[in-house]
Every structure is written in C-alpha cells, then in structure tokens.
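Each of the next two complexes has chain A plus one more chain, namely chain B in the first and chain C in the second.
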Partner chain A sequence: MYKYIIKRLLMMIPVLLGVTFIVFFILNVSPGDPAAMILGDQASAEALAMKREELGLNDPLLVRYFNYIVGMLHGDLGTSYKNSISVWSQVTERFPNTAILAICGICVALIIGIPTGIISAKKQYSIMDNCSMVLALIGVSMPVFWLGLLLVIVFSLNLGWLPSQGMGSGGMDLVKSLILPSITLGTMSAATITRMTRSSMLEVIRQDYISTARAKGVSERTVTFRHMLRNAMIPIVTAVGLQFGQLLGGAMLTETVFSWPGLGRLMVDSIKSKDIPMVLGSVIFMAVMFSIVNLVVDIVYAYIDPRIKSQYKKK
Partner chain B sequence: MKKDNTKELSSGVKQRSLWQDAWRRFKKNKLAMVGLVFLAVLVVIAIGTIVVDIVTNNYIYENYVIKQNLRGRLEPPSAAHPLGLDEFGRDMLLRMLWAVRSSLFMGVIAILISGVLGGLLGAVAGYYGNKTDNIIMRAMDILLAIPSMLLAIAIVAAFGTSLVNVLLAIGISYIPTFARTVRASIMTVKDQEYVEAARAVGANDATIIFKYIIPNAMAPIIVQTTLGVAGAILSIAGLSFIGMGVQPPTPEWGSMLSSARTYIRDSWHITVIPGLGIMLTILALNVVGDGLRDALDPRLKN
Partner chain C sequence: MADNNTLLQVKDLVIRYETDDGVVEALNGVSIEIHTGKTLGLVGETGAGKTTLAKGVLRLIPSPPGKIVSGEVLYDGKDLLKLSEEEMRKIRGKHISMIFQDPMTSLNPVMTVRDQIMEVILQHNNISKKEAEKRADDMLELVGIPAERGHEYPHQFSGGMKQRVIIAIALACQPKLLIADEPTTALDVTIQAQVLDLIQKLKTRDNTSMLLITHDLGVVAQTCDYVGIVYAGEIVEYGTLREVYKDMRHPYTKGLMASIPNLVENVRRLQTIEGLMPDPTNLPKGCKFSERCKYATDKCREKVPDMVNVGGEHMVRCILANEEK
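Here is the complex of A and B:
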C-alpha cells in the first residue's frame, strides 16, 4: 500500500509541473505591460524599465517559471499588482472558505445522491425511481448560478429564513450562511452521483453472488450494503472525485452569487482588476488542490477495491 | 402489434444500415424525441433571428432587443409583453429569442474546435499506440488536471473577453475529453478484421483512419459531442455570468442573469426566465445525448 501511495505521489510531480507551466504560460504571454499597470500611465520610461527589471520580466519565460516554482515551494507566489499584498497570504486566507463550501457541497451531494441512487436501483421502474431520475436529469441541466439565485428568491427574500449574502462568523451564523451555497453547489453533483450510483448498483444487482448471499439467508440489509454497495462503489468513488473538479469551477459561480469570500471570488475580482499575479496564484493553488484531491481519490480506490492493491503487490 | 411485425418482416428483407437501425430505436424513445424537437425549434429560432436581422437591416435588433426604454422598467409579464420587460425596459421575449443564437452557435463552435483537435490527437494516439500514445495521453492528463472552468478563466483573463477567446477557452478545455473518447473507441476498432484487410490491400494510414476506423468508431463520439455542447453552453453562460463571456447589451442568457441579479429584490421574472432558457436547452441536449447512446449502442442500456 505504501509503495502504491509513493508511486502515485511520484507520478503527480510531472502532472503538477505541467499544470503549473500551462497556467503560468497562458497568464504570462498575455498582452499588456505589468510594469505600466503597477506604476500607472504617468510613469517615465526609466521607471518602467527599472520596474520591469525588478519584477524579472526581462528574463526568459523558462527562467521566470523556474523562479516562480522555487518561490512557490517557499510559500511565495509574488505580490499583487493592485495593492502589493502577498498573493500567498491572500490565497491561503481565502482557501479555507472555499474548502468549507466545497466539502459541504460534496456532503450534500453524497447525502442526497447515494441513498437516492440505491433506492432507485433496488426499486427499478417504480414511481420513486422515475421521479428521482427525472429530478436528477433536471439537476444536471440546471446552471449552478441560476439555482443559487432561485434559492435566494425563495428562502432569503420571500421566506426570510436564511441570509442571501456573505459568510457568517462562527456558530449558528456560519451554519446558516452555509446552507444555501452548499445546496447550490451540491445539487449538480448530487444528480450526477444519483445517476452513477443507480447504474452501477443495477450492474451489480443481478450478479450470481447476490443470489447466493440471499440464498444463504443473509439479511437484505447486509446484502445491500456489504455485497452490492461495496462492489458498486468503485465507479461511484470515481464520479465523486471528478465532481470535485466540477465543484471547484462551480464554487467560482456560487461564490459570486452569494458574495462568499472564497478563492473563486478572489479570482473573479482579480481578473476584473487585471491583477495577474493574484489570478495566477489562485488558479495554480486551485489546480494543485484538485490534483491532490484526485490523488486521495485514487488511494481511497485502492483501499476500497482489494483487486487494485493485490495487482500492485504482484509486481 | 401484429401490423408492426409484418412491417418489420417485409422491411427486414432490405438491408438497413447501422444508422437507420439507430434512428428506428431513437424514434421509440419519446423523451429523446421531445428533446430533439425542442432543439430543432431552437435552431429555427436562431436562424430565424439572423434572417430577420438581415431582412430588417438590424431594425428590430437595434430598436427592440438592445435599445433601452426606461419607462417600462421591470414590468411583469402582461398580454403585450408575455415575458415582461427587463431592467432597462426591453422586451424579455425578444431578448430570449435573440439570445438563442449566441448560446447555440457558440456551444457548437466550441465543441467543433475541441472535437476536431481532440479527435485528431485521440485518433493518432489510439492508432499508433506505444510512444506516441504515451506522449499525447500524458499531455491530455495534464490538461485534464486543470478543471475546465479554471482553464477557461485563465485564458480569458490573459487574452481578454473577446468572442474568439471565449470560444477558444471552452474549446481547449474540452480537448482531453474528446481525445480520450476517440482514442478508446479507435483502440476497440483498430484490430478488427476489416482494418487488417484494408492494410493488406495496401491502404495508407490516413485512409485507414478516416475511411475505416472513424466511421466505425463514431457512436461514442456523437454521444460525447451532444453532451459536450451541453457542457459548453453551460460554461459559456457561466463565464458570461461572472462578466467574462458575452458582454451586454448583446442578449445572452448568462449575462442576462448577471444583470438581473442586481434587481433580484424587485422582480423575479427577469431572473427566472433566462435560467429556464438555459435549463431547457441543456435538458434537451442531455435527453438527446442519452437517447443517442441507447440507440447507437443497445448493449449499454441498463
């Protein structure tokens, strides 16, 4: 198992280098002179040249990329063009807020998705199954931000139950302010996970070992959870892992709708103010987080499915 | 029932192609047919608004779709304006109709970009295998490791919010999906006897790929394309919603929602209606995509 984890960790390095390079490249070949952006229109030519030298803009791209990566490993992602704040401190300050939101979103998705999928599969073609499949179809088709706005109209503006904006500080306020954004963010994933759970349960449900287990007199509950779900779990885990990527994209939109002080909104605001280091830092940070989540998913995978582990042991 | 059987028997004498077979199965799926009809209506609306613009020399577009009329701001739906007026007193129905073309055509063009580029990469990787495959697919893995919305945002942030950039951004972010689909389906086809036969006859690689392999590996690609267009339309709407896609006053569902957000306290119809437009379009594409999958590959169905 450790060997497997180490191998996966090593495999992650080229991917991370590639990811950071692509993002770095895209955001550094963009038109516009950062020096002019910092110093303003009135700056003299010499001042601009000096600033450029200071920022290291005269170095070749690869050298700048190398410096950036070295800086990143030391917790330095450069400074914002707009207000000379350290990008690292901003990003790490905002990231926990996005993480809370994403985790709550995935929880909503799992709590709704897996049970609904199991029930739908066990009672295939029943009213319950048909209803949940229609709802799941609507769920995957709804734009995240629209759902958020609808929830705000109903639960904040008309019923006045929950806040429509911002993140509450501490205790009940935080929980209250989390409810709508998490539902918004989790719904699409819930729908995808419902469909995935249903179809992978259906694949398992007719297997011989299920009949065997029933014939042995195993209770229906044990059959469902130990024999069916465990075997149906692998595609579900994959789906959940992939959903995290969707979720990070969706977080940007959800955070915009609810004025949630997360990384996504930082990114959107920085793009609007053309603050390239901030955009770069937050995009790279998110992409790295996404890769780490994928790694964790792969490890969970090996844990759930002994076949993957044993396959590795043989080598 | 009996009638149908005889019909099937008599037509069974004639050979049906794979596509005719698939179409027959698709027609039986009512939900998918409804979706297809809805999409057809959207295409008619999109083309219709373009024709109207050309015929009237943009008169309707300039005077009703984008011209502000502050007297009737936020008016709720009525007989004269079935979908009400928006925050600048423009008719919502007209704006909804004129918005169809941006979403539909941009979604399709973005997916064409990724379909062609991704398809080509996937085809080369799947056909040649070994080193070529390894290099291309590792590059795709890297691209796939960046969530598509993030990649799109990075591209738009770097090069500005022009139409071309948005299309490229969305197009590029879907390349890996297509590369994977095409590669997988080519790998299943490439060792079949008829490909070997073509090779034995002396056909070159390009002929084999384009004449023998791709037509036979088409089914999953078509399904992927339909679902891809749905994803692309959602992404474009999302980018427009955060102000990085289609810019006002051009009507587009995502940007309409973005400006409606300011008036969410005053009126609900300008928020609900554009979202419904997006949702129904995506729903139709998803339903058609699912239907196509079932029709093209009956084995996959449950």
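Here is the complex of A and C:
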C-alpha cells in the first residue's frame, strides 16, 4: 500500500511537468508585452528593453522554461509582475479561503446529492425519481454565476438576510458569508453526485447478493446501506473527488460573483492584468491540489473495496 | 392432501411480471407440498418458472415488475402472503432459507465471509457479537472451510468454496426449509457432487426439508423424495420419485427422460423435444405443451387439462394420462 502511494506521488512529477509546459507555452505566445504592462505606457524604449532583459524575456522559450522549472524546484514560483510580491506567498494566502469554500460546497453537495440519489434509485421511475432527475438536469445545466446572482438578489438585496460580498470578519460573519457561495457551488456538484449515486445504485440493486441479503431477513435499511451503498460507493467517490478537486482549484465564477478572495479570483484578476507568473503559479498549485485529491480518492477505493486493496498490494 | 407432516403448502400460486412488452405469465396456478424432512425436486427447462416459484415462496420477487396475483403459501399453517413485511423478515433466514444459483455473484464482495454469516445469526438470535462470531466460525468448519479463512473476502475463494459459504449462511439459523435454486449448476461436476453431499449431510442432521430446483434429472434421482416437473409455469407431473421415474405419464416428462444421453446403447444423436417453450407473454389457450406434443388432439388445445391422480400421490396434467402408457 505505501509502495503504491509513493509510486503515485512519483507519477505526479511528469503530470506537473506537462501542465507547466502547456501553460507556460500558451501564456508566452499570447500577445502583450509584460514589460510595457509593468512600466506603463509612458516608459521609454530603453527602459522597456532593460526591463525585458531583467525579466529574462529575451532568452529562448525553452531556456526560460528550464529556468522556471529550476526555480520551482527551489520553491520559487517567481514574482508577480504587478506588485512584486512572491507568487508563492500570494497563492498560499488565498488558498485557505478557497479551501473553506470548497469544503462547505462539497458538504452541501453530499447532503443533497447522496440521499436524493439513493431515493431515486430505490424508487426508480416514481414521481419522486422523475422530479429529482429533472431537478438534477436543471442543476447541471444552470450557469453557476446566474444561480449566484439570483441568490444574491433574493437573499441579500430583497430579504437582506445574508451578505452578498466578501468573507466578513471571522466568526458568525464568516459563517453567514459562506452560506450563499456554498449553496451556489454545492448545487451543481449535488446534481452530478445525485445522478452518479442513482446510476451506481441501480447497477447494484439487482445484483444476486442483494437477494441473498434479503433472504437473510435483514431490514431494508440494512440492505440499502450495508449491501447496496457500499458496493455502489466507488463511482460515487470518484465523482465526489473530481468535484472536490475542481472546487479546490478555485471556483472562478462563484468567487467572482461573491467577491470571494480565493484562488479562483486571484487567477481571474491575474489573467486580466497579464500577470504571467501569478497565473502560472496558480495553475500549478491547482494542478497539484487536483492530483492530491485524486490520489486520496484512489486510496479511499482500497478501503471501500477489498478487491482493489489486494491489487494495490501486488504492485 | 395436507396432513401433520406438511411443512409448506403452496396452493394455486399465480405470479406475473408486468413489463412494457406485455404481461409475462411466469407461474400459472402452481400447487406443491413439502413434508418435514423430505426433499421435493422441481425439474424444468430454463424459463419454466422454477426460480419464480422459489422466490415467490420467500416473497423475494422484485416488484415492480413482479406481482403475486393470487394463491396461498401456507407455512406451518400461516399464509406467508398475508404476513406484513416485518413478520416476513422473521421467516426469511430463520425458518426458510435460500441458496441461489450463482455462487460467484451471490456473496457481497465488500464484506468478509465471517461477517456475512454473522449477519444472519445476529439478525435472528439475541446473542453477543462474540458468540455470533463463534457460531459463524463453527458454521465455516461445518461446511469444510477452516475458520481462519473467515476474515477473507469472497474474491479470495473459489466457486465451490463460495457455494459452501452460501450454504453456511443459509443453514446458520437451522431453518426448517431450505430452498436451493440450482445450487450446483455453476460448479464443476466434481465439486457438484461434494456440494450436494454437504447439503444432504447437513439436511439430515437438522431434519431440514428442502425444495431443490434443478434441471439435472440425475441430481433429482439422487437427492429427492418427491418430484415435480414444471413446464411453462405449471406443474405437469408430480409424485414420489419412484412413481414419476418408474411410471412417467406426461409426454413432456417422457421427452425429458429420453433426452438424457444413453451410455449403453450406441446412439449417434441425442434425443430432443421438438420446438421451444411457448412465449410466456403469449401462452397457448389449452395445454401449454400441446404445440410440441406428438399426441396432441384438438381437445388438448381447447382448455388447460386438470391434474389427474393416476394412483398413489402421482398426479399428471394430461388428458391422455389414464389412457395410454
């Protein structure tokens, strides 16, 4: 098992190299001169040239990529073009905000998604099932920012119950500020998780071992949770993991709508101001987070399904 | 017909599956009877309704689409079809257990085999977890699996071993009736004999009755006291093993027996029964077998023949039963 984890961690290296290469390349071929951006329109040609030299922009692309990787290995993600603060400190400062929002969002999604999925599967084709499937379809197709704006209009502007912007100043304030963005984020994930739970439950619901369990005389509740849900868990965990990984990477739209000072908004702002090191740093950070969540999901598999565990042991 | 020895009596059980493509008439008025300590073998082709009958007795027919339309299932004088779900759960596993066809898929893959045996013990006995564990281990030993292997998962066992675990689960609470739905179909021939011996041994020990479903006439001859031949959701011939095997009356039973490969004579082709079983969504009006029967007359196609007693406990559903031999 440990061997497997170490192997998976090592496998993250090529993934991250690939991600950095693609992002680095795209950002460097996109138009706009970072030197002009930093020094402003009035800067003289000499000053611009000097700045370019200083930033290393005159080196060939591959050399710059190599230098960047070397820096990254030393824990240096570069310095922001905009305000000369180190990218690493900015990203790590914003990450906890994103993390807390992601955790609340996924909780909302789980609380809604899993029970709805189970009920839908157990009462397949009932009114309940049809309603929840229609709602789930609306949930996945609804633009997030639109839902966010609607919630703001109803609960902040009209009713005035909850704040619409920012994180508040800790304590109850924070809890209140979390509610709307969490619901916004959670709704879409809930829809995906509902659908996944339903289809995965339907797959196990007619299995022979469910008949065996029923023939033992155990209650329907036990049959549902101990026998069906545990066996249906793998695809559900996969879906939850993917959703959570995405949320951890910063929900750009939601964070923008609610002015949430998280990673997603940092990235949007950096893209707008062509702050290449900042964009690059955030993307790499997100990629790392995503890989870690995926690894955790794979480890959780082993605890759910003994067959997978015995496979891991062999590797 | 019913006497003090009767443990289970099924009367005119009708079960249908209502699907989008029409109503599948899976079981059309089946009556059987099982005496304490005796074994009834049900023989028939795939799709004849044997499994539906077995699941119907335990009320395990998936609904929808399945529906028990009418009939009675009398166990110890109580009609199981009238019990509440709660009361029915006390019957399942404790009084009547079931062994399913395919051991490969009948065990929960994410639970250890000990936990799966313990589950049924804890459900029906008010005992501590430790005691239940002890009993589960005893059960494992009894079916020939070392108790140390109890913490292993089903995928670590072979097919025959899995079927042993399933037998251990089914017999853990010493039920009065065991329903075995083709318990050996999915196993190698060598393992089949072992598993059948094991079932026989445990059955004799606890004086358990058994409903054995199979399409293997040899297995029936070896293990059963009574035989019922099932065709298109009806019993066409019923009697003691001796009566049916020595003096078969229904053309379908004769066809089945004739299709057993003969090792003594030099036969180039296996005997078959011409044609296929009728479509259960569109059954013929009269005798269900009339389409394939070489003795069929117009009278056969008019109405379903009644069960006729041809001596002893031997019953046949054929208008010619008493005429020709």
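Going forward, the second predicted complex is superposed on the first by the 298 of 315 C-alpha atoms of A that agree within 3 Å, B and C clash if a C-alpha of one lies under 4 Å from a C-alpha of the other, contacts with A are read in each partner's own complex, and residues count from 1 in each chain.
Keep this in mind: a contact is a pair of C-beta atoms (placed from the backbone, for glycine too) under 8 Å apart; a residue touches a chain by one contact, two chains touch by 3 or more.
Source: prediction; values computed, not measured.
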| item | value |
| --- | --- |
| First, second, both or neither for A:146, with chain B first and chain C second | first |
| Which of chain B and chain C A:75 touches, first, second, both or neither | neither |
| Chain B versus chain C as contact partner of A:56, first or second or both or neither | neither |
| Which of chain B and chain C A:96 touches, first, second, both or neither | neither |
| Comparison of chain B and chain C by chain A residues contacted | B |
| First, second, both or neither for A:215, with chain B first and chain C second | second |
| Interface residues, chain A side, partner chain C - complex | 206-209, 211-220, 226-227, 230-231, 304-307, 310 |
| Touching residues on chain A, where the partner in the complex is chain B | 14-16, 18-19, 22-23, 26-27, 29-31, 137-138, 140-146, 149-150, 152-153, 157, 199, 202, 245-246, 248-250, 252-253, 256-257, 267-268, 271-272, 276, 279, 283, 286-287, 290-291, 294 |
| Residues of chain C defined as touching chain A within the complex | 55, 58, 60, 62, 85, 89-94, 97-98, 100-102, 105-111, 119-120, 123-124, 153, 155-156, 166, 169-170 |
| Chain B residues within the chain A interface of the complex | 138-139, 141-143, 145-151, 153-160, 230, 234, 237-238, 241-244, 254, 257, 260-261, 264-265, 268, 271-272, 274-275, 278-280, 282-283, 286-287, 302 |
